[in-house]
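Chain IDs A, B and C follow the sequence of writing; residue 1 opens each chain.
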Amino acid sequence: MTDRATPRAPWPLVALGALGLLIVVVPLAGLAWRAPWTDLPSLVSSPVVRDALMLSLVTSVLATLCSVVVGVPLAWLLARVPFPGRRVVRGLITLPMVLPPVVGGAALLFALGRRGLIGEPLAELTGFVMPFSIWAVVVANTFVALPFLVITVEGALLGLDQRYEQAAASLGASRLHVLRRVTLPAIAPSLWAGAVLAWARALGEFGATITFAGNLPGRTQTLPLAVFVSLESDRDTAVAISLVLVAVSLSVLIGLRRRWWSP
Amino acid sequence: MGAVIRWGWALCVAVAVAGCGGAARSGDGSVAQRETVLVLAASSLTEAFAEIEEAFEAANPRFDVQLSLAGSPSLVVQVEEGIPADVVATASTATMARAATAGALADEPVPFATNRLVIAVPVGNPEGISGPADLARPELLVGVCAAGVPCGDAATEVLDRAGVEAAIDTYEPNVRALLAKLVDGELDVVLVYETDVLAGLGSVEAVELSEDVTVTATIAPLVDAPHPDGARAFVAFVISPQGRRILTDNGFALP
Amino acid sequence: MSGGEGLEAHIVRRRGDFDLDMTLDLEPGTTTAVVGPNGSGKTTAVEVLAGLQALDGGLVRLGGRVLDDPALGRFVPPEQRNIGVVFQDHLLFDHLDAQANVAFGLVARGVPKRTAVARAQHLLEVVGLADVAGLAPQDLSGGQAQRVALARALAVEPDLLLLDEPLAAVDVATRAQLRRVIGEHLHRFAGPRLMITHDPTDALVLAERIVVLEQGRITQDGSPEDIRQRPATPYVAALAGVNLLVGHNRDGEINLADHGHVLQTSDTHTVGPVLVTIHPTAVALHSTQPHGSPRNVWETVVGVVEPLGETVRVTLGDPLGISVDVTPAAAAGMALRPGSAVWASVKATEVVVRPR
């Protein structure tokens, strides 16, 4: 609803903004142009794609849940408790964002692989080997997705008016009750935004997954891995899978827009 | 904010200048620069081609070889998309055929080495693997190359011939990634090339297959090669007696 | 459990230049107002009592229970203090409706939901807002929100009711009505009631006892009458709307050294250094020199003329810059304007002195 008095957008901003939009839109247009539209239904319903889709959805949602369960408390501690070494912790948490995912995957292998720092004693004690299992996918996804959640939620907590929490305390609410009933509802949009970002990152994760979890249809071959593998042998399948990824991502992002996209 | 914009501009200008400078340099051979010959080679050829590169450059100081290693299907995709390379060497005739169909080759591909598939295990064979049938054991972590990669197609052939329903745990994108996981102890048994066992430097050993499954590596210059002379010279070197000796030293057989 | 023994507080707090040292002992069933200019320490006092800040020295004891004792290292966190606070901008929780807000404290303390909701509904009826129970705070007017906040604080049956500038954020039109409502409900609360305000009307209307805090120290502690009749400092005097002067009384003659003027008083007993108070309504203004009984007559000039509804407040210039209340008719009749010459007169009996 533009008022006649609404200021007009300065042209340099429009030009650069349009360029930014093109950077995103042009590759998507290339994908659509290359897509085998007539064969799409049969390609998309093949067992490889269905397995990969199911696996991607399950692991990305699990990774998001894990990120929320450990990330929210961590964000709360970083925002509210001035503990020694807080800045260092904050830096460490952002590390997976700057680390190349393949390096992350290799690091996970060194730590949790069969001969890894933790993985070896774990395997000896329980016989459980994480690489090449669906758990490895969830762990790899959580590793890359967690920082997005923590940073978003911490930002929201820092910007929150703490007087509401003080009011709740004065009414007799314990710190946990305040967190559950006052703080989290107050930052709900940011929490959703962080969760959606984390989910999106987990869904698209490739390097850490293939390095740590391996590549096995039905168990560890997520949609991105399926695209990579078929890119070299069967282009059409690769494009079809890519379109599935785009469709899934778009529908979730748009479907949840009221929760996480504040106008 | 002003500082950000200024640094941004400076960065753009620097990149542009570097790009122009680079382009100028590669087109001008008169400033005592060597000609770069970009060779795309399959991962299984890593050690052999490293030695060939050294020997070729020593014999032809005019050229500077740059090796780009990846799984054969990856190389073919790059060629199909028009990478400005001079030579391509794949690990199987099937993958090379795709490049030929795409019209990317300047000459007929030349077979220059054959490689046999073997079962590879950690040295000492702790799990007691004796043949393909062992790959069906559920408690073992088994790895092969992905379908479409020559080593992966060969592995499928081995298992089909032996009539084994293998319990595969991972399909790796190239044979060296597969070998690395065996060496690191993440996998118990893999199907790789004979030459890879040699490259494993004493930490892996081979369990021979009763039937030979081989792949043939082929090489060809590319039709849009920036340095066609260098491309042809390199191909000729690979099939020369010197090249062949390097290949056999690395465990390949000759076709 | 409300009521009990009341509040005993000696609040000592030092932060950089800021220095607060005050004693506050409140009886159950009384309303005390703490009044002071900005920066006097009122907010700090509130936060210390609520448990949001810790004492540097002193003691806070409520209903016999020690809440803060730095000497012994005892500190009870806010959620365990059982103090009901009404904040300046109500601080109702946006994501809960009015009823859920009022029930919040009860739910937080483990009261079963049904009981909590019933009690919340009852309290809303008490403050006259039963019909807005389902509305969100954003949909309430300022006055309504503040009443919900009061209900919310009362719901947990606190040992002390603390109101922090409860009328400050409410618009002028609503303020009088809200003041009345708050007054009614304060009386129903059996425990001690403490109200922080900078508005003298709130204090004079709602409280039985007024404590004046200036720059971290209590300068006066008394009933509204005390404040009005015997202000101890210029700030208190301004609060009470009374004129306060400093002088020396000898035989009924007060020498006001600061003003180079002498006033006559009928009080010949209070001699020596004195505080002089003259009520604005006790001063009469005349266009020409008056004759008659007032023994204090002087020529002066008009400084400021402030119409205040039913009265006009005139502030005079030299020698005595005091405030005078006249009727609008008189002001019009004398054509009072800043700078106009005027005569002022005060009876000696209206010049009240107290020892300084």
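Rule of thumb we're sticking to: a contact is a pair of C-beta atoms (placed from the backbone, for glycine too) under 8 Å apart; a residue touches a chain by one contact, two chains touch by 3 or more.
Worth saying up front: this structure is predicted, and the values here are computed from it rather than measured.
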Chain occupying the most central position, where position means C-alpha average: A
Taking each chain's C-alpha mean as its centre, the one farthest from chain A: C
CA centroid of chain A to CA centroid of chain C, Å: 55
For chain A paired with chain B, centre-to-centre distance based on mean C-alpha positions, whole Å: 34
Whole-Å gap between the CA centroids of chain B and chain C: 87
Chain C - residues contacting chain A, complex: 50-52, 77-85, 87, 91, 93-95, 104-105, 107-109, 152-153, 156
Of chain B, residues touching chain A in the complex: 71, 73-74, 76-77, 141, 143, 146-149, 168-173, 181, 184-186
Residues of chain A touching chain C in the complex: 163-164, 166-175, 177, 181-182, 185-186, 188
Residues of chain A touching chain B in the complex: 109, 113-115, 129, 131-132, 210, 214-217, 219-221, 228-229, 231-234
